Structure formats: C-alpha cells, structure tokens
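In what comes next, subunit A is part of two complexes: it sits with subunit B in the first one and with subunit C in the second one.
For the complex of A and B:
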C-alpha cells in the first residue's frame, strides 16, 4: 500500500539534529474494508474478479454456499497441516504455508496441535464407538443380570444375650 | 492422459499452474524477506495480503449475516431453547419448594443447603 502519511516524532535530545529519520507510521495503512470479502459472486464476471482477487484460477475458485454468510471468500479443500509435505521448504514452516497462499476459512482449528480433518483413522469412528459402548453395555448388562444371584458369607446375625429368640443347633 | 501420473489433463494443468504460481510467490517473498532496508518501510516485516484477507474476513463476518433457515435454527436451538427451558425448569422447582415451605411440609431443619 502507499505510505502517504508519515509523521516524524522528534525526541527532545535530537531537537537540533537535521537527520532525524522516520521512526514509525502514525497512521495505519491497511484497513479492513480493503481486505474484507465482498458479497457473494453471482455472475461469471464477478466470479472471475473474485478468483483474481484471491490469487486463484477460475477452475479452482469456489465460494462457500451463499447461506453460510462468507461472501466471496473461497472454499478451499479440507487439508490439515498434518497432511502436508514435511520436507518442502515452506515460507512459514510452523503453519506449513507459503507467502500469500489463501488461508482456509476454518484454519484456526486445523493447526498441527488441533483437529486434523484429512486424517484417515486406522479404525473408523463407527468401529471405535461400537466397541466402546459395547464394552460398557456388556459390563452393565452382566451387572444387572447377576443382581439376583448375589452371595455373601453364609452366617446368621450375631446373637447377643438380650431379649429375642435364641437359636440352638440342637432340635430341642 | 498425456502424463505418466494417472491424472486427467485438466488436473495436470492445474497442478502445473499452481506450481508456477507458488514459485512466483516464493520468489517475491524471498526478495522482500532478504531486503536489507526492509525496516525503513512497512514496519519491518513482510506484509502478507492473504493473511490480512483471512483476518478481515473473520472480523467482518457479521456484515454478510442474513437471517435464513440455517441461522434461525442455530439461534433457536443454541439461544432460545436453552434459556427458556432452563428458566422454566428452575422456576418450577423453586416454586414447588416455596409452596412446600409456606404450607409447612418442608421443615426448616430439613431444608436444602442447611450446612451452607
């Protein structure tokens, strides 16, 4: 972007110096309205313009469905950082990403320490859930079935010398 | 199938296009990154337009919000139903307790949270 406004702040020690250079920009140069996605592209010309804006070709460019509310931001293939080539010299190796490459709209959950969407698990999710719930259900069923067959020490209550029927081993 | 990789022609062309685009962008990045006078302009780091587009998209998502069945369903199930049902259940429970207390069925020494 063009750096139109640059203000030079003089610190008091260098008030007499003629070579005080630029220290920082006092005005922001990149605004959200310049970079935010536009409305959903409806005509082929709008699609071509949107594809050019995001640096993709027309075959690749595919916007999100309109009802999702992303405007013309492209819908990139769901590939997590874990599935990318580890030996390529990326510009940003922590993200496995190159400079100016369009970022997936849900990139915040696709990091290497987070959800991996393009993983192919060794056992399918259905398989895992079946075994987990099946084990718990089987153990629980066994517990309920054996509730009537409990057994403890085969003794009676202790007889103290208070009132009450006292039982003897003889038949008298 | 003019290639040995088992891809269709369109896919192969696409991959070549992407590779050439990637090569250009990487050259641009390396040129900016290794510029020894970089700190004199643009705050000293390489400005990434794609990252800025992503950030701006995230913060301006409400601008593209339209009420449609999907968003209405979300609002209903995540906001209205939990609030109303939770409020109703608690109101009912408290009401019953209060009736019991006022009519004398629940004794003071048997109240909930008497150790609090």
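For the complex of A and C:
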C-alpha cells in the first residue's frame, strides 16, 4: 500500500498536486528484464547463451524464424498437454510441466481444456468434412428432386374480390 | 389421404393446387352463373384493420364476429353463433374452390380428348 503511494507520488507528482481524481495506479510502474525475449541470435555464441538462458541444450534449442518477431524465444515441438504422459510425476501436474521447463509460445491454447495439436483424430479431417458436406448436399439434392413431385389439395386459388368477378355454381 | 387419391392424377393435365382457372367462366353451363357479391364495405374493412388475407367474400361475418367479441369480452362463449356463421361461410368458400378445381380438371381432360381426335 505504501509502495503504491510512493510510486504514484514519485512518478505522477502533477496528478497529486493539481487534482485528486487519480490517486491509486492499478498498473505497476516497473519493468523486469525477463518480460521480453532477447533479440534474434545470429552468432553461435549468442545461440549458446540463449539456450542456456532458457535451460535447454544447444542441440534442442531452435528459435522461431526471424521475420515472426519472437526474438530468441525457443520454438518448442507442438505437443498438447492432453498428449503428454498422464502417469509421470510432474512438478506441476495441472500443467503437465516440470520446474524450469520452457513454456511453449502458444501455451495458452495447448492446455488440457483447449486445443490439442498433437492429437491423432479417430477420423481424419477430410473424412469428417466429406461426411458433413455430403449429408447436407444429399439432403439438398433430395429436396430439389422432389420439388417436381409435390402434392397439394384439390382447390383453386383463393378468391378475393379485388381479383375480378367470381361466380357461383347456381343460376341467377 | 383422400385429397391425394382423388386428385393425384390432376397433375397429368398439369393442374396443381392454387392454380387459377383458365377457361371462360360460362363454358359448359346452360344457365347464367350467379356472381359473388362482396357484402362488407372497403372502408369498414380498413377501419377495422382486418389483415388483407382475411378480406375475402366472408369478411362481413368476420366483422360481426369481431364486434360480438368486443362487446362480450371476456365471456367469449357468447359469440359461438357468429363464429359458426363465419366458419360456415369459409367452408362453403372452400367447397366452391374444390368445385372449380374439379371443373377445371374435367375441362382440360375434355380438351385433351378433342385434341386427340382432331
């Protein structure tokens, strides 16, 4: 609480003196050097240093392509949490991750309750799409074909006074 | 089922539900056919805000039925006679449509026979 006050007074003096609208700052005003990955490693020494930083060996360290803008963050193999061994004693069993293991750059969608990219589906995607679109197309084709075979009641159009004179079946 | 068995063959002469009659209204009759009279007035229908699909030859019974409902709400059982008159008129209208359909079908069959002979 005191730190917050101090950070506000030190960094936003003009706010406190001019008007007392904004006293508490919800966002921290400091930067940790580990918040952002380093630049893309170009020389072998830089690669070795980056591999050591992320706790990987030099053979398995692989950065993302430079144009993607990920810097030296490692490109881990795409394995979803659902595909990992369930009986191994992980340090963090909820994430199926050990201590100091590097986290995948797309870890937010690879969780156990989300998309699993390394799953082998029981039916391939092509199979699924074929059956889905085939069912829809088949139903539609049946509908189009049966348009010529519709059955209606044996009546003529409804007679409204605005459609001209209508007649009964009796004499005047 | 009954409506199918009698009229399924009407599609042989290219006649389907809700077709308009194509022959002259007087063809085949040895008397003058009576015209249908529209009893309810146009301004009454507009003022009562009757939907256009209900502004047919039975609209005067519908107007009376609406008046009865308005007077007797919420004791709507008292409007049974007006409702019966309206539904009876609708029934006769439907029977007339069925007769027109049958007449149209027979005239087309006759035409086919004549054309076949010629």
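Quick note on the criterion: the second predicted complex is superposed on the first by the 119 of 172 C-alpha atoms of A that agree within 3 Å, B and C clash if a C-alpha of one lies under 4 Å from a C-alpha of the other, contacts with A are read in each partner's own complex, and residues count from 1 in each chain.
Here, contacts are C-beta pairs under 8 Å (C-beta built on N, C-alpha and C of every residue); 3 or more make two chains touch, one makes a residue touch a chain.
Because the structure is predicted, anything quoted here is derived from the model rather than measured.
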item: Partner chain in contact with A:93 - subunit B first, subunit C second, else both or neither; value: neither
item: Partner, of subunit C and subunit B, that touches more residues belonging to subunit A; value: B
item: Subunit B versus subunit C as contact partner of A:170, first or second or both or neither; value: second
item: Partner chain(s) touched by A:153 [first = subunit B, second = subunit C, both, neither]; value: second
item: Which superposed partner A:161 touches (first subunit B, second subunit C, both, neither); value: second
item: Touching partner for A:36 - first (subunit B), second (subunit C), both, neither; value: first
item: Subunit B versus subunit C as contact partner of A:134, first or second or both or neither; value: neither
item: Overlapping contact positions on subunit A, where the subunit C interface meets the subunit B interface; value: none
item: In the complex with subunit C, residue positions of subunit A that touch it; value: 150-161, 165-172
item: Touch list for subunit C against partner subunit A, complex; value: 3-4, 6-8, 10, 16-21, 25, 31-36, 38, 55-57, 93-94, 96-102, 104-105
item: Interface residues, subunit A side, partner subunit B - complex; value: 3, 22, 24-25, 30, 32, 34-37, 39-40, 54-55, 57, 59-60, 67-71, 73, 91, 98-103, 105, 107
item: Interfacial residue positions of subunit B with respect to subunit A in the complex; value: 10, 14, 17-18, 21-22, 25-26, 28-29, 33, 40-43, 46-57, 59-61, 63-66, 68-71
